[in-house]
Structure formats: C-alpha cells, structure tokens
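Next come the structures, one after another.
Shared chain: chain A. Partners: chain B in the first complex, chain C in the second.
So, the complex of A and B:
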C-alpha cells in the first residue's frame, strides 16, 4: 500500500516538476523589466541606416536614460544636418517631445504619429517603449527555444492598447532576461514584417547591456543598426534633464 | 496499473520539452534570422563609418563637431503679374555654427554670410494691386520711387545667434542673441509677439532676440517659467516676455508680453512706435488618435494709443499608417480686413514690411505630406485667405538621400480676384540646395 502511494506521489512530482521549474510568463516579463531597469545611464551610439536601395546614413547619438527606458533623452550629435535634434521620451513612450534644431521649436508628438519612422530609421517612436512589457502587453509563454546559440524563453506579447502591431513574439535570454529577438506582426499576418535583435551583451554594474541592436524591416529590406560606442552608468543621474525645456540646450 | 500510471507520467515529463521543440519546429523560416546578423551588421558599420569611433572612447569626451554649418543656395524664379515678366534671384547663405559645452555652461553661436545675385532690388509697388499704385501716383505724381518703397538685398554678415546658457540647480540663464519661441501653431503663433513667421515658409529659421532670459523649473506642472527681457536703446524701451510652458496632461502655454510695435505712415514716411501688451494661452494635445492644437491672444494698446484686438488659431494633424501626414490650421486675426475692398495702401505696405501680421481676417492652411522611400518627401500645401478668397498652392518635393545634402524643389501657384492678397504674384518657383558640413 505504501509503495502504491509512494509511486503515485513520485508520478505526480514527475508531472509537475517541469511546471514548477519553468517560470510563468508574468515572472519572465517581470525579470525582463528588472534586467532593463538601469537606474541611470549615458550612452553614445553610432546608428547606421541601410536602405533597400543600398544607400546608407550614419548618425551619432547621445542618450541618457533613467529607470530603464522610463525616461529617455536622445540627442543627435552628427551629422551636421541633424545636429541638435533631440527627443524626450517619458512614461515609457507614452509622452514624446521632439526638438528640431532647424526650426528651434519643441513639439509634442501625438499618439497617432508614433507609428512614424524615427528620423528615417526602421525604429518607430512606438518601438522606443519596448521595455514596459507588463504595462503595455499581455504575455503568454509559448515555450523554450534557442536563438543565437542561447537558451531562450519564447513569449507572445499582445498589445493592451492600440498599436501598429497585432502581436510580438519575443525570445528572451534565460539567464540574463534580455530580449534577443523580437518579431513584429501586423494584424492578420502570419509572417513577421519587422525583426529586432540584440547582441554583444556585456554585464556592466550587474545590468546586461546590448552593445549592438538591429531593427530589420523584412518587407522593405532595410535595416537600422545601433552600435554602442560608450557606456557610462550614472546611478545618480540628474532627473531635471528629463523635461522638454532641456531639449533646446 | 501503477506501472501504466508511472509510464504515463514519464511520457508527460518528456513530452513538455518535446512540445517546446515541436513548437520551434513549427516556427516558419521567417521567424528566426538567417546567418549571422551581428557579423553582417559589423561589416555594414565598418564600411559606413569613420575608423576613429571605437568602442571604449573616454566617456567624458563626446566627439561632437564643435564647428558645423551649411551652405544654402536658393534659385528663385518669380513672375511679376503687374510687369508681366519673370525675375530671377540667387540667394545664398553660408552659416557657421560654433557650439561649445563646459560643465554647466553651454555656448551657441551662428554667423550668417548672405550674398545675392540677379534681381536684388525689389520695388514693393510692383507687387501691389494697380488700384493702390494709382492712388499713390494720384498723390505724388509718377515719381514715387522713394527708398521707403524699395527693398535691397545687400550682401551682409550677421551674427544670427550668440548666447550662453548657465544651468544652475534651480534656475537657468540664457544671455545674448537667442531664439525665444512660444506657441503651438505651425503657420501662425498668435501668442508669440517676437517671431514673425513667413506664412509661405513656416519652417524657415526665425530671427533671434537680444535678451536676458531666466528659466525656472515648475515641477508641479511639469514645466517651467520663462522671463525674457529684450534689450533696446534704453531700459524702458525694452520688451518683456513671460511664459509658462507646462506639460501636465497636455502641453499648454500661458503668455504675457509687453512689446514694441512700429507703424510707418507710408505716405509721409514717418514712423511711430508704441507699446502693446499681450495675454495669451496655447495648448497641444490629442483627441483620440488626432493631434489637436490651439492658441488665443488678446493684444491691447498701452495708454489706449493702439486698438485692442483678438487673434486665435485652431488646428489638427493626423498620420496614416502609410506615412502620410495631414494637417489643417484655421487662423483668425481681428486686426485684418474683412475683404479685399478694405485693403488700403497703408495696410498693404505695413504687411509687406511685417509691421502687420496679415492682410485678411481669416486664413486656412491645409497640407498633406507623404514620405516616399524614406529619403524623399512629397507635400502639397494650400494657404487660403478666406477673407478675399485668394489662395496659394505649394507643391514641394524634398530629397534627403545624402547626409550632407538636402534638395528642395517647390513652386507657388497663386490666384485670386483683382486686388486680393495672392493675385499680385502669379507663380514662383524655387530650387533650394543645402550642403551640410
């Protein structure tokens, strides 16, 4: 009789062990947000836009971030044509202001305009809110997979609010909880039309930092590459810089 | 029985990772990137960039260009309706920008070198309705080529901007020749008494203000208070502009200004000056998916020397998924005339000399901009003077293919009844090339 119960218990344990060891989608999303929640950071990027025609544009951008991407300030440093142009992104992408040096005016970017490409790149303004997973998406764990030779959780994210995307499929690193690959789908489409990739990850001050980010437009055959040139962790970053008036300075 | 149960359990145990594997197998080839995207990206970067930008540069030194600028060359073709001839002008501007940042101090300067060729002397009377010119000739005879009616495009060097910004923890100071802007409108800004936009080219750079500006952050409304004092000959002639710019819920501005106005009597050539005050408000936000903005301002004459008037603006914009942006703006200015019959020689010349903001009372601006292939932009705008039913259509094509070059081709097709605002000049075209360095 005891053997019978022991076997039953063993069987039940066997059945539920994988479920217990695997994280829930909510837990994965929480870990992803935690991994991205750098208190303060300054980065210098090189951005290369490669268009379908083969033509390329190279930009240099300085960014300041606070609490992950909750507050972001991006300023174009090069080339001269766009030098001084700056973007302020607050509330994880809900509020965006742009300053165009040519006109000298700060303008708020309305919600509908967030599907526009940002300075001709393959990133839209909406893509800049990618880290607020819990708030903006309903997550579902699809399973496990390998991407770029790394074990990943595969998640389906459905936007909670109106979005340019019907769904996102995300492969997130099982160790570092960094999204290594994100596929973007339009409504009614089975194939992704945009692909976001993060690589060359280095852990700095216990936060994983992707030193190369790629956004590919699979329909247009264009891509935008962001290469990190400098990273400076700033735990005590000055919050005063994340106001629209700072864009003009 | 228990062995069957155990077997089932083992099968289930192994089936979970197997299901995940199956899930991966079910993934279409489109889902996972082919090849080595990062290796490919590095190859693109190395063939696109300068070698000096390497990872690990000293974090404190941002290799931003201190000296930059552009050469703008404009070839303008203008059809003068009264003279029935085509006029050509080549307007060039070399702009040098010098920016330097220290710890809490930023310095910005711009120097413009402007030089012209072709038709460089503009007789304002050639662009006025015949009725107005006849009225003038009746007064002065045929000899009315006084300098007050002519505008000469002379070669010149201008310090366009030169100002420093001192940023302290709770206050910032902007000192020198600087841009001071407020308002949310695109073509017009009723709340902005300092800048006078060109209605036909609202994106063009605005003249600066020689001022001392103090900016205080207002965290409660996520904004700041700006107080600017514009320098003039003596302290009491100076202009004062104060505005709160806040970003709580929507963007809104509250403006108070105490500014100078000038009025030239074009019959006697005498100029009178006075003071006006302005109280205004502006906002920008969204209604559902549509961007909306508006401004309203009340101008009063100090000591009742000038008439008070009201002006306001309302507009919206929307971007479609196919990267087309539409915009509309309605502008009303009570100081304008109800119809072309009310236009006088004085109002025409005041308008041309930018002493008066507009001729008519009501205006409408409509535009549609389509981005094509990421490197070109096609737009069609219409500016309609609703008071005299004249209009200006502005098709425009911009090529932004190279980082160092912008090419803009635009023309203006104007029409309206005799004596109306846009009837004097029928057509004009412009090729504008900007070389950036």
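So, the complex of A and C:
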C-alpha cells in the first residue's frame, strides 16, 4: 500500500515537475535584466555599417557604459576624419552631448532623440538602452524554441510607453538569458522590419557579453555589425566620466 | 551512280546536291539575283535598342507610359549639362543655349511630321519662371524652413544676419532639432547661399565694386534657386523635351545628331565650358551606333578567326571563300526576312550576324568534311557532293531543324524582344542551311581544277567584266592556281587526334565516363555562387558619355537620374499625392504642378510667417556701420559650425553634406583665414557699401517673395503648366525620383514598392525593369522547358527510339550544369540579357549529340571512326560557334559580353561532353547489351 502510494506520488512528481519548474515571463524578463545590468564596462569595438547602395562605413569606437546602457560614453578612434569625436548618451537617448574634435567644443545635441538612428547606424538610441525590460515592456511567454542551435525562450514584448515599435519578439538563451534574436514590428505589420542578432557570447565576470552584434534593417536592406575587439569589466567605473565636461579629456 | 537505299530525306538531299553540282552557273546566278534583292530589302533595317520592347505589350505600366507619352509629348527628357567654374557664366550660357535650341528646326523632321514645322524640341527648360518665383517663392518653401527663414531675415545687416544663420545651424542641425538625414538638400542650399555671401566679401575692392557685389550677391541669393545646379554648384542641368517619343527611332536619328552638331559649336565658342548630354533618347542613339559598329567589327573578327580555322583544319585555300559566300548569302536572306516581318533589329537581335557566323558555318563544315572524305575515296566533285549530302545531310538537317525549332519556340514567350530573337535566329539558321545545301555543291564543283568542266564563253566574259569592279574572280583564279600547286586531299588536320581519343574511350569507357561525371559533379559546387545583377546600367556600354553622365548626375545631384511617373485627373488629387509621396524617406524629389501650388491648408499655415517676414523686411533699413570684430567672430563661428556639421555628417552617413563641406573646408583651405585678414584690412566704407547694397536688394526681393497671397491654378504661368498639364487641362503629370540609385536592385527598392502601393498607375523605366526582371525569371524558365520538350520530341521523331533521344539530350543537361558551375566559379553575374539566351544553348548544343548519334549508327558503332569524322567536324563547328559568340565578349555593350560568355562556355561544355562522355556512355551501354 505504502509502496503504491509512493509510486503514485513519484509519477505525479515526474509528470508535473517540468511544468512547475518552468519560468514565468516575468521571471525570464527579470533574469534578462540582471544579465544585462553590467555595473561598468569598457569595450573596444568595430562598427561596420553596410548600406543598401553597397557603400560601407567602418568605425572603431571605444565605449564606457554604466548600469547596463543607462549611461554611455562613446569615443571614435577611427577613421581620421572623426577621430576624437565623442558622445555622451544619458537617459536612453533623452540627453546627448557631443564633443567635436575639429573644434574642441562640447555641444548638447538632440533632445528626445531616442527614436532617431544612432550615429548613422541601424541602431536607435532606444535599441541601445533596451535593458530595462521590466519597466518598459509588457512580456508574454510564447513558448520555447531553438535559435542558432541554442534552446531559447520565446517572448513577446509590448512597449508600455511610446516607442518606434509596436511589438518585439525575442528569443532569449535559456542558460544565459541573453537575447539572441529580436524581431521588431511596426504597428499593424505582420512582417518584422528590423532584426537584431547577437552571437559569440562569452561570460566575463559572470556577465554574458556578446562579441558580435548585428542589427539589420529589413526595409532598407542595410545592416550594422558591431564586432567587439576588447572587453574589460569595470565594476567600480567612475560615475564622473559620464558628465559633459569629461568629453573633452 | 547508285543512290543509297535509305530514307527519302537522304534521297532529296542527294538530288539537290547533284543538281547544284551539275548546274553551278545557273545556281550561282540565281543565288546572286535573290541575294541582291534581299540586300535591297534588308537595307531598310534599323537597330532599335529600347528596353520597352523587352516588356510584354500588355503590361499595364508600358501601356500607361505610352499613353503619357502621347498625352504629354515625350515622357522623358534629354538632359544637357553645362560645367564651368563660374555660376554666372553657366547661367548666361544656359539662357543662350536654351533660346537657340527652342528655335532649332530640321526639314527631315518636318517631313516626318507631315507638316511645315520641324522643331526638334517642344520645350527647353533652363530655369524656373523668374517672375513667378519672385512673386511666390517663399510660399513654396516648407513651413519648417520658413520658420527658420523668418529668424534669419529679421535683420539683413551683415552681423545680425550672420548671427541668425549661426543660431539657426546650431539649433536646427547640430542641435538635432531636425535631422540632417531628410534635409540634406536644404542644408546644402543654405551652406551654398551663405558661402556665396562670404565669397563676395572675399572679393571686395573699390567702393563702387563693393556696392555692385552686394547687389549681385543679394540678387543671386534666390536666383540660383531658379536653376538646376548640382550640389557642388559646378554643373547646371537643362531639360530638353524632344518632339518625339522614346521609341521613335527615325526622329531620334535626326534629333540627337543635330543636337550634337550644335553642342560642337558651343564647345568651340566656350572652350572653358564642358557640354554633355544624356537621357534615353541619347542613350538609344548611342547604343544604336555602337551596336551597329560592334556588329560590323565583331562580325569581321569572328569571320576572320573562323576563316583562318578553315584553312588550318581543312587545308583548303578556297574554303574560306566558300564559307564567306554561304554565310553572307544566308545572313542576307535572313536580314531581308527580318525587315519584312519585323522592320528592325532590337537589343537581342542586333548581334544576329555575329551569331549566325558561328552557327551557320557548322553546316558548311559538316558538308565539307564529308565531301573531303568522298574526294579522299577518289570520287569526282559531283559524286563527292552527293556522297556528302548522303552522309552529313540528315545530321545537318536535323541539327538545323532542332535548333531552329527551339528558336521559334521563343516566339511563344510573352516578350517582344525574345519573340523577335526567336524569329530572326530561327529563320537565319534555316536560310544558312538552305544556302549551304544549294550553293556549296555548285561552288565546290567550280573550284575543282581536275574537273573537266566547260565554262561557257559568256560566263568567262562576265567574269572578266566583273574583274574591273571586283577582285573576286582574280581571287578565284589565284586560288585555282594555289590549289593546283598545293591542294591535297590528304587527311585534314586533327583527325588522328580524334581517332586516338576514340580508341582510348573504346578501351576504357567506364573510367572515362566516371571521371567526366566526377569532374562535373565537383565543379557543381560552384553553382551556389551564381548571382543576378539587377542593375541595367551595368549592362549598358562602358565608356559611353551618355551612360557615364547618368551615373554622375546621381552623384552630383544626390538623386537617381530616372524618375517614375503617373498621371492624375484633378489638381487636388495631384496635390495630396505629391504631399504624401514627398514625405516618404525613400523619395528624393517630386515634381508636379503641386510643386508650384501647395495644398491650400499648407499655404494657410505659411501665411502668418510670410506676413511676419514681409513686416520685418518692410521695416528694415540698412545700417551704416558694421561692428567688424563682431562680424569676424560670426564668420569664425560659421566656420566652426561647418566643421562640426561635417563631423556629424561623416558619422551619420550624410554623404552629400559631408562631400559639400569637404569642398568648402578642405579643398578651399585657407579661405576663412584669408577672409578674416581681408575683413580686417578692408575699409569701413566698402563694407558699409556692400551691406547697404546687399540689404536693400535682398529687402526688395524678399518683400516681393513674401507677399502673403495664396497661389492658385490661374497664377501659374502657361510655360510652367505645360510641363505638368496636358493641352486639354484634363490630366496632371507627376514625376518622382528616388533618393538612392534606382538601378541598384530595383526589385528590392523601397521607393518602387512604395510608389506602386501608393499609386496604382505608376509607370516609368524603373517600373518596367522590375516587371522585366520578374518576367525574365518566369519566361526564361518557360522558354527552357518548352525548348527542352520540343527538342526531345523532334529528336524522338528523328531517332524513333527513346534511348538515343535521351542520350542526345545528355550533353545538354551536363553542359548547362557545367556552364552554371563555371559562371559561379568566375563569379560573373547573370543579367537580364544573358539569362534570356540560355535557351539558345539548348537549341545549339543539341546538334552535337544528334550528329554523334547519327554517325554512330552509320559507322556501325565504331567510335574511333565516329570521332575521327564527326568528332573533328564537331570540334570545328563548336570552335566556330564559340568564336562567333565569344567575339561578343569584346562588345562595348556589356549585355552582349555576358551573353557571349554564357554561350561560349555552354557550347564549349556541350562539345567536350559530347566527344568524351557520350561515346563512353554509348560504349558502356553497348557492352551491357551484349
């Protein structure tokens, strides 16, 4: 009798444990946020912008970020015509300052530019600050899927506030909680018009860092590729870097 | 003489050969008469290189384009560009040229029109109507631009003016209030206007001159807007509306050469100015001339190479002449048929002569090979001709028929160009075959010195008579002499190689077969690297001024050169669509009557700004003094703004702005430094004189332009209306230009997709190209399938058995694979022209398999003999065909280059597979059967 009971309990556990252990959309989003909330980081990367016309621009950029991408400082190292030009992006693109190496001046540019393309690339400022998932999106778990041969959670994110996108479909790595693929949709459209991909993920100081990031504009037939050349985690990054006056240094 | 107891076909060929060989003079005389008649008929043929013919006639976009052309005159203009360092000189020349070209007439054109007038151009636009722009110019500015203008024109004294300009730059573009992205032209226009003011200041000399410069500067401030300057202000564009549509080749053949004569005169008159022209009419004329020249040059090249090959391979001095004769006759008859049935040659058929040289000489080669065999066996000429007709006749006939049948199948395609190609090449193959059968025995009979043939006296007399005007009889006599001395029916060159190859294959068929298949399978890896180039500009002629200028216009004006267009039936619809299309970020420019009559609601929005501007300038009085230091600070601030704007533009991919600023800041290095020095040195009175003249003149212009009256339809001058409204005033024409090069991947163009979604009846060459590319993909496949089916049925009918019919198709299938593999390996793109000729490979390549199989049967499966005889002939025919098509690779028209390459590889592959793999397979199957 006891054995029978134990067997019944055991089989119930076997059947229902996977369901019980499955994460909710809220939990997934929280884990994604945690994975993205790098306290401080310095990166050196190559940005290649390929346009529909066939032309391409290649830039070498040094970036410093704080609290995910809440604060960003970008400095152009190459080519010569833009070398030394730097940008400070705060509040998800709401406040941007530029330092022009040609004139040595720091100018405030673009208020509320989050929906604008960032420095000619296919990323908008909104895309670059897409780390505060819980706060900015309503998430729905669509199921599980495989992308780039990795098991993923498939989520639908609907922006809570005004955005360029009506919805996003995100495939997040089940182990690392890093978005591997994101499709962006405009209002009323069934086909995605932008696509974001990340790959070559390496865990550094327990934070997953993608060393290859691609944003494709499917309408324009253009794409921006960011290839990370160097990464350095800086947990105690100096907050004083993220002020306009620091741009001149 | 016994007749082979075989098919009735063979009997007929032999009888024809006998008659021809026994009555050479009659045959040749009749041929000459018919051919002369054909030449006379064919002399009316014109070469018409228009893309319109490539698109099916029931295509709605084509029908709409033709309707617009009829309704509005020519729907596309000739573009004339003038380049000079001086803007004022360009404007002066443009006005002079425009006035002259408007009066230009031609009696030839008048005759074609059937009336007294023969004006070359319906209209010549060099600038917008000055009075209209002076009265309403500011109402035509965008509301956002007007807001900025209001601030800039608050005070027209130099210091506050420059200060306002700087504030505007910093707030608007550097400050990011407006993206540069959508406003590159606006930004550049602003930069140009302010730089003009600074340049005038740079040139200040005497007081009087200073005032004059101020007046000129202010006058030019808006005057430049009237003209179509390039972004760098070094090129000015005039639009010439020809008095004919783009498919009227006769009138184009008059208009374009006359225009060129005029341009030569202007070049002499103004040696420091560059005059160039382009547009579809010009490109078509250029292409016609180049294609005609290409055709002659390439035909001669192909001819020459093939004739040398004849002498080497057949060791027969007379063979080139015979081949030349047969081909010329066949081509002449074909061109006459083309004139009768079609009346012109198009993009595809322009190179017919070159292709027929390669194709038509095959028949001659097969016949001559068999003829030589007969002579080797000791037969006299007549008997040898009959023998040749018996041995090679069926193969020639089946080969010609199958090839011609495939060509005629192209007439089922939904594209006029392909239909005409099928008809012309199909007929050409049949005419050259006919010429071969009829003429060759006669000529061979005449040429043999051992024949005891009595030439009538009157023929001898005529020959000597002809010797006065032509060298042909002399050449014949020379050849006769050479034949007596050197002619030999010894085994022709190369036969031993083929015999040895045949022996090797007979001994190791499995190895040969598997190796061949393995090589093809290995090469197939490269098939994946094939790609299709949608850009039709890449198949235009390289080095043609008209084509190069088109590309340059894209670069220098920041717009695609070729618009799409549509017609609407009322003004309001025109205005609404204009406004909607203009907002889209893929659209570079929209031109319609709505450019001069903005929507009523928009005009209402702009009125308050106009009133403000008018009040401001009305109250303005030029200041006497100038704070020199302050002005210099503002000039330096302007320079700083430009430097920052340049870096922003470089980062944000605003190429046009970046390029313009490169010219201003980098090419004119030191300008601001010397300007500062001059401003420090120049006397106060001169500066004041400049300011006074500048301010007063600008005040007058602005006061007039900011008149707060709404523009309605009646206000637009008739000359301006004529560009956009038809004569009955029932339709309105709109043209829209893409921001990006429209020819780069047009099927993926957002601009075209957007225009088609927005306007159902949009048309224009870019729209045709999208349809054409889609149709080529569809019709190309259909043509291939139909060709394969027809070929298979014909071959089945010929062999009356499935197995030989299928084997004869094997070289085709493998050759296509190999061809795609090689093009993939070379990464040479397919295009609209080269894709359409793929069915030709089927029609031509089938010959090889058919000939080999026929000969295999006749020689009772003895492969060495098959290869020694037919194999050698196939080598020659394939070589000549490859030379014929391969010579297209030297054409100026890039479409022919691709065509030539594809056919060259395809035919070559067919040949190699036929003589290597097919005999091996036949041997294997035969061994298996036993």
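Rule of thumb we're sticking to: the second predicted complex is superposed on the first by the 208 of 249 C-alpha atoms of A that agree within 3 Å, B and C clash if a C-alpha of one lies under 4 Å from a C-alpha of the other, contacts with A are read in each partner's own complex, and residues count from 1 in each chain.
The criterion applied here is as follows: a residue touches a chain if its C-beta (ideal position, glycine included) is under 8 Å from a C-beta of that chain, and two chains touch if they have at least 3 such contacts.
Bear in mind that the values here come from a model prediction, so they are computed numbers and not experimental data.
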Look at A:249 in the shared chain and tell me whether it touches chain B only, chain C only, both, or neither; answer first, second, both or neither.
-> first
Who does A:96 touch here: chain B (first), chain C (second), both, or neither?
-> second
Of chain C and chain B, partner touching more chain A residues | B
State whether A:221 touches chain B only (first), chain C only (second), both chains, or neither.
-> second
In the superposed arrangement, does A:119 touch chain B (first), chain C (second), both or neither?
-> second
Mind working out whether A:57 is in touch with chain B, chain C, both or neither, as first, second, both or neither?
-> both
Check whether A:85 is in contact with chain B, with chain C, with both or with neither, and answer first, second, both or neither.
-> second
So, does A:169 touch the first partner chain B, the second partner chain C, both, or neither?
-> first
Touching A:107, do we find chain B (first), chain C (second), both, or neither?
-> both
Of the partners chain B and chain C, which touch A:44 in the superposed model: first, second, both, neither?
-> first
Shared chain A contacts, counted only where both chain B and chain C touch the same residue = 49, 51-53, 55, 57, 81, 102-103, 105, 107-108, 110-111, 113, 116-117, 120, 220
In the complex formed with chain A, which residues of chain C make contact?
-> 170, 174-176, 179, 181, 640, 643-644, 646-648, 650-655, 740-741, 744-745, 748, 750
If you look only at chain A, which of its residues touch chain C in the complex?
-> 49, 51-55, 57, 59, 76, 81-82, 85, 96, 98, 100-103, 105, 107-111, 113, 116-117, 119-120, 219-221
Counting only contacts in the complex, chain B reaches chain A at residues 2, 5-6, 8-10, 12-13, 16-17, 19-20, 23-24, 27-28, 30-33, 37-38, 41-42, 44-45, 48-49, 53-57, 59, 62-65, 68-70, 97, 99, 106, 165, 167, 169, 172, 179, 181, 184, 203, 205-206, 215, 217, 222-224, 245, 247, 250-251, 284-286, 289-291, 317-319, 321, 323, 325, 371, 373-375, 400-404, 406, 434, 436-437
Contact set on chain A toward chain B in their complex = 4, 7-8, 10-12, 14-15, 17-19, 42, 44, 46, 48-53, 55-58, 60, 62, 77-81, 83-84, 95, 97, 102-105, 107-108, 110-113, 115-117, 120, 142-148, 154, 162, 164, 169, 181, 183, 190-192, 195, 197, 199-200, 211-212, 214, 216, 218, 220, 222-223, 225, 227-232, 240, 243-245, 248-249
